[in-house]
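Each chain gets a letter, A, B, C and D, in the order it is written, and its residues are counted from 1.
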Amino acid sequence: MTDRIGLAVIGVGRMGRLHAANAASLPGARLVAVCDVDPAAREWVAAELDVRALPSVEAVLERGDVDAVVVATTTRTHAQVIAAAARAGKHVFSEKPIGLTLEETDAVLQALVHAGLQFQIGFQRRWDPAFVAARRAIEAGAIGEPRLFKAHGRDPQPASLAYHDPANSGGIFLDAAIHDYDAARFLMGREVARVTAHGATLVHQPLATVGDVDTCVTVLEFQGGGLGVCEWNRFAVYGYDAWAEVQGPEGALRLGGLQQTALLALGRAGVSHDTMPGFLERFHDAYRAELAAFVGALREGRPASPGVEDARRALQIALRARESFQQGRTLDVAALPALT
Amino acid sequence: MTDRIGLAVIGVGRMGRLHAANAASLPGARLVAVCDVDPAAREWVAAELDVRALPSVEAVLERGDVDAVVVATTTRTHAQVIAAAARAGKHVFSEKPIGLTLEETDAVLQALVHAGLQFQIGFQRRWDPAFVAARRAIEAGAIGEPRLFKAHGRDPQPASLAYHDPANSGGIFLDAAIHDYDAARFLMGREVARVTAHGATLVHQPLATVGDVDTCVTVLEFQGGGLGVCEWNRFAVYGYDAWAEVQGPEGALRLGGLQQTALLALGRAGVSHDTMPGFLERFHDAYRAELAAFVGALREGRPASPGVEDARRALQIALRARESFQQGRTLDVAALPALT
Amino acid sequence: MTDRIGLAVIGVGRMGRLHAANAASLPGARLVAVCDVDPAAREWVAAELDVRALPSVEAVLERGDVDAVVVATTTRTHAQVIAAAARAGKHVFSEKPIGLTLEETDAVLQALVHAGLQFQIGFQRRWDPAFVAARRAIEAGAIGEPRLFKAHGRDPQPASLAYHDPANSGGIFLDAAIHDYDAARFLMGREVARVTAHGATLVHQPLATVGDVDTCVTVLEFQGGGLGVCEWNRFAVYGYDAWAEVQGPEGALRLGGLQQTALLALGRAGVSHDTMPGFLERFHDAYRAELAAFVGALREGRPASPGVEDARRALQIALRARESFQQGRTLDVAALPALT
Amino acid sequence: MTDRIGLAVIGVGRMGRLHAANAASLPGARLVAVCDVDPAAREWVAAELDVRALPSVEAVLERGDVDAVVVATTTRTHAQVIAAAARAGKHVFSEKPIGLTLEETDAVLQALVHAGLQFQIGFQRRWDPAFVAARRAIEAGAIGEPRLFKAHGRDPQPASLAYHDPANSGGIFLDAAIHDYDAARFLMGREVARVTAHGATLVHQPLATVGDVDTCVTVLEFQGGGLGVCEWNRFAVYGYDAWAEVQGPEGALRLGGLQQTALLALGRAGVSHDTMPGFLERFHDAYRAELAAFVGALREGRPASPGVEDARRALQIALRARESFQQGRTLDVAALPALT
């Protein structure tokens, strides 16, 4: 069993707890420990999964049986945890985004690269069966050259005001719409050259008090031509809704996934089916697949993906979109030299 | 305008009124008159469509400007109306079934054939875009040789007890399931060799008092192999539901049509859409198309279809299914020599 | 029969021919004549529908038995035909848009208003069962106050270069996207305050030679809050695709209609269904319903709708969207005083 | 970790391998060993999951760290493996059916009951989210008293002739349709009183040479009223297809699940989506859930379900259906006294 990858999950809130459960059941991995600043949270998950509960990032990083860490803490702490992991020689799987600025992000990713450590970012759409099938169909020429990308992501409701405070999460562009910016790059196979962003607080007015919005629309112009339209909002009371479409001269691909259970109810009021309670349910298989891929990359010495450049590019688009919204005008997305 | 076909509609209840409206708006036809035993019904429709209201079948048949009649009276009177039309030299489009026995049916159809008059029966599924497309796909080899037929038809509720009295309508096998027996012949391209039928009053107990049931299941064995399963019931409170499927060694075709309006409502309780209030809505286009085809056949001197043999065969299956249900055993469907 | 409305259809290309067929079969109307500059076109349709073929607009307008005209000529001639109709005292149903400038449009609509004549514009989405049901659901509070509008309309391919020449059709914003600007007003129940438009020739490069694009994206900001995102393109090889969505704090309504026939084919390659060949098929029922409504309004002396102000508002948005695209910036949509 | 349930999987063909993978990743279980008569099969799975490969049932049953066995051998050996497990004091989870006769089945299940051992049968539909949701909806009164059950199950193609030999698998009624007989009991909440079965070899003629058919239709009559119609066939080249419906006086519930990935491809030939390659994909989550439930029942000392009586009842219906088909007549399903 010595070739199993030793994992520790840092931060076991909603997302980290799912990563921990997946880590505990992946054939090629061994979950060594979980860690959280909240003793109740870490003890609960540790008991549930029969692993150690550790009180601090340091306690995790000093363990020799931990090969890699899964970072699922609050967004604003990602960079410092990753920096520490880099110093301790641990591979890193991290939730998005890495940092709230490109400088901070580049610094910690550079450290990982210099140390020869692997890095993967939690853009789970890339591991969802529908997104994977779409990419394969595009590569097989099903729609010709992709020319138009459309996506929306919608949450049933906001989380806490603290969560949405841009100082913690980066705001809707960095915290949420960034998923679709990455999906745009993944499916269009091109980089974004210009962004025009709009935002508004259409339903949940308190978000405005911390400087966030509940709705954003981003128009993307791709290098070499191609348009994209991404919308995200936080008031889809009907359930979590991740939708995307790519259109080319030979057809289009449309990715949905609104129905959770294959059951229709036919009654006097019509025909109805259920929806997705949240992203955990919608991307249940993808979260497991992305961690399996990370573990597989570590075991086989292949580069993990989506990686350093994917993390940086998506963040750069998100930062420029936020700026575009704030300034009310279209902005260029500059070329971004690769980290070396 | 002399080449327009002069039509009269006999019986303007729910079904006849729709036929009359279609007759009034078909480019190649001219609706001359409507007729009904109920003065209020015939006057209403006549005023609505700006045509004559006639008080009797005789008054219709003696008019020289009536080339053909559409028979939409209660089922038990079909045969005598058709017989009178045959004597008067009028072509006939009739609702199904023609008679409540094969003998009665054969007699009046024979009279039409001998008089060289056209006949078409209202098996409107044959004119529904989905059924037509299915037949074309089968003929094009999309599923290989059709081997399994399945269908169900469901009404939201029974009509009146008088309607369901087998002495008036023939009961569920002759009145309702007959549509699917015809669809089976249309899509399988084979005759039925044996039937096994089941029935039960599952919800609307009063139907039993007149000798009818609200649910029936018929298993069909086709000549040369092939199975069919038809179900009909009268308690689909969610709306009218006509469904069919044909399966062969290369695939299957599935015909639905439960949704009336292309609108989805996404709410806290899930996603929902509307249903079909009744067969008039489900087969709205088919009812118009079948009458247009009848008129086209008359104008161009082509044989109308589905015609005499289709009417007889479907009735024969329905009669044997009812007998099978009553006797609790499988029955042969004898060969039926064509009328000449 | 004297209370039937006498109609004439001016311009019997693809759209006009459908209007003529509908006019010929509406119970409350009488199609008197059709007119087209192309003798073959007008003779064909006239023979098909058994009405007069007239060679000129003048010949139509001088007839006393013509109460109203249906204008389906090429876009750039709409205004002059309507002006002539106004002078001749004929009510007008016209395809969109009325003119290529707001001044021209206002002039001819003013003439109709002053003459006490009825006017209706061919925004047929307002008569599509799904759009009607959506509006009713919104009015019934199904989604709460509408806050986000999204729509796309897509044609399978461009028409001729001459058609797309902005001098003839106004270009994609006036010719196509205008349908969704009207739908936005219809479903959101608010006026548009600001527009930001993008466009690109993503597939059909020749369109650029006449100054049009094959793809446009318009972001709408509504008075009093609310966002809209409209996309239109001309390279949906999979079929005509009209889609819309309205979201509010209590849910969303989604309008589709991609499938023409209720048939699924299940084969080795998966499950498939057909699509809509074009807008004539998608809005088949709506085209008939809008003309029936126009005729009904004339017969009953009610104001026709969508009318003068709807025509002007949608055109104003389309003109500003085109300007926004050309200037690369967000533009206000000024208040528009009603014509009196 | 001592409270984890020690599991061994006996038979690691397609089905057993999936059970083994699930057993290896369930938090409350520990997969101790796998066993198969084929050394290559057992070594492969053992290596993949990092557990012992044992050469015989005896070697499995003598281990003290095995608390329960999962029986996934060929059907005709189920009974003897279960009998041995009972003697060795091991709890049993077994694939269906237990034996090829009711006598054999009763004998081994009696042995388990007498020994106070737990038993669960692999009717995985009971753990599928859609079937579970349907049962809950029925219990909540969504459709009123269930009155009509319909189901079909379809395999893309037959397995080997040896597999379908009734001496090995029991034939289509015991091997396949039994799933829907259990689902009928699960969703209708009633026992079956009479069966009428039909069968035919519609496509795969070689099946007839071993005495099996590729298609069967079973009509069920329930105690106290209610009808059921179950169809199963082995030529659904479009993919695995498990479908069910329950209808009552207040509505219906329809369970599908034909689409594997939430992706639509929109092309010139129409709109298409993928299908289910096989039952492993369709019931992926259900297979994991059923084993988790078994482990949960063992850990908490609750009775496992579906259990002894469910296994016996479904087998009894299957046996009577096969007889009905062979005799060409309707048969009663006698009352079945519970094992004690």
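The rule we apply is simple: contacts are C-beta pairs under 8 Å (C-beta built on N, C-alpha and C of every residue); 3 or more make two chains touch, one makes a residue touch a chain.
These numbers come from a predicted model, not from an experiment.
Counting hops only between chains that touch, chain B reaches chain C in a minimum of 1.
Farthest chain from chain D (centres taken as the mean of C-alpha atoms): C. Counting C-beta pairs in contact, the pair that comes out ahead of the other among A-D and C-D is A-D.
If you average the Cα atoms of chain A and of chain D, the two centres end up 38 Å apart.
Centres computed as Cα averages put chain C at a distance of 56 Å from chain D. Residues of chain C found to touch two or more other chains are 236-238, 250-252, 266-268, 274.
Those residues of chain A that touch chain D in the shared complex are 1, 4, 21, 24-27, 48-50, 129-130, 133-134, 137, 142-143, 250-257, 260-268, 274.
Only residues 236-239, 258-259, 266-275 of chain B touch chain A when the two sit together in their complex. Chain D meets chain B in the complex at residues 147-148, 150, 152, 196, 198, 200, 202-203, 215, 217, 219, 221, 225-227, 229, 231, 233, 235-238, 247-252, 328-330.
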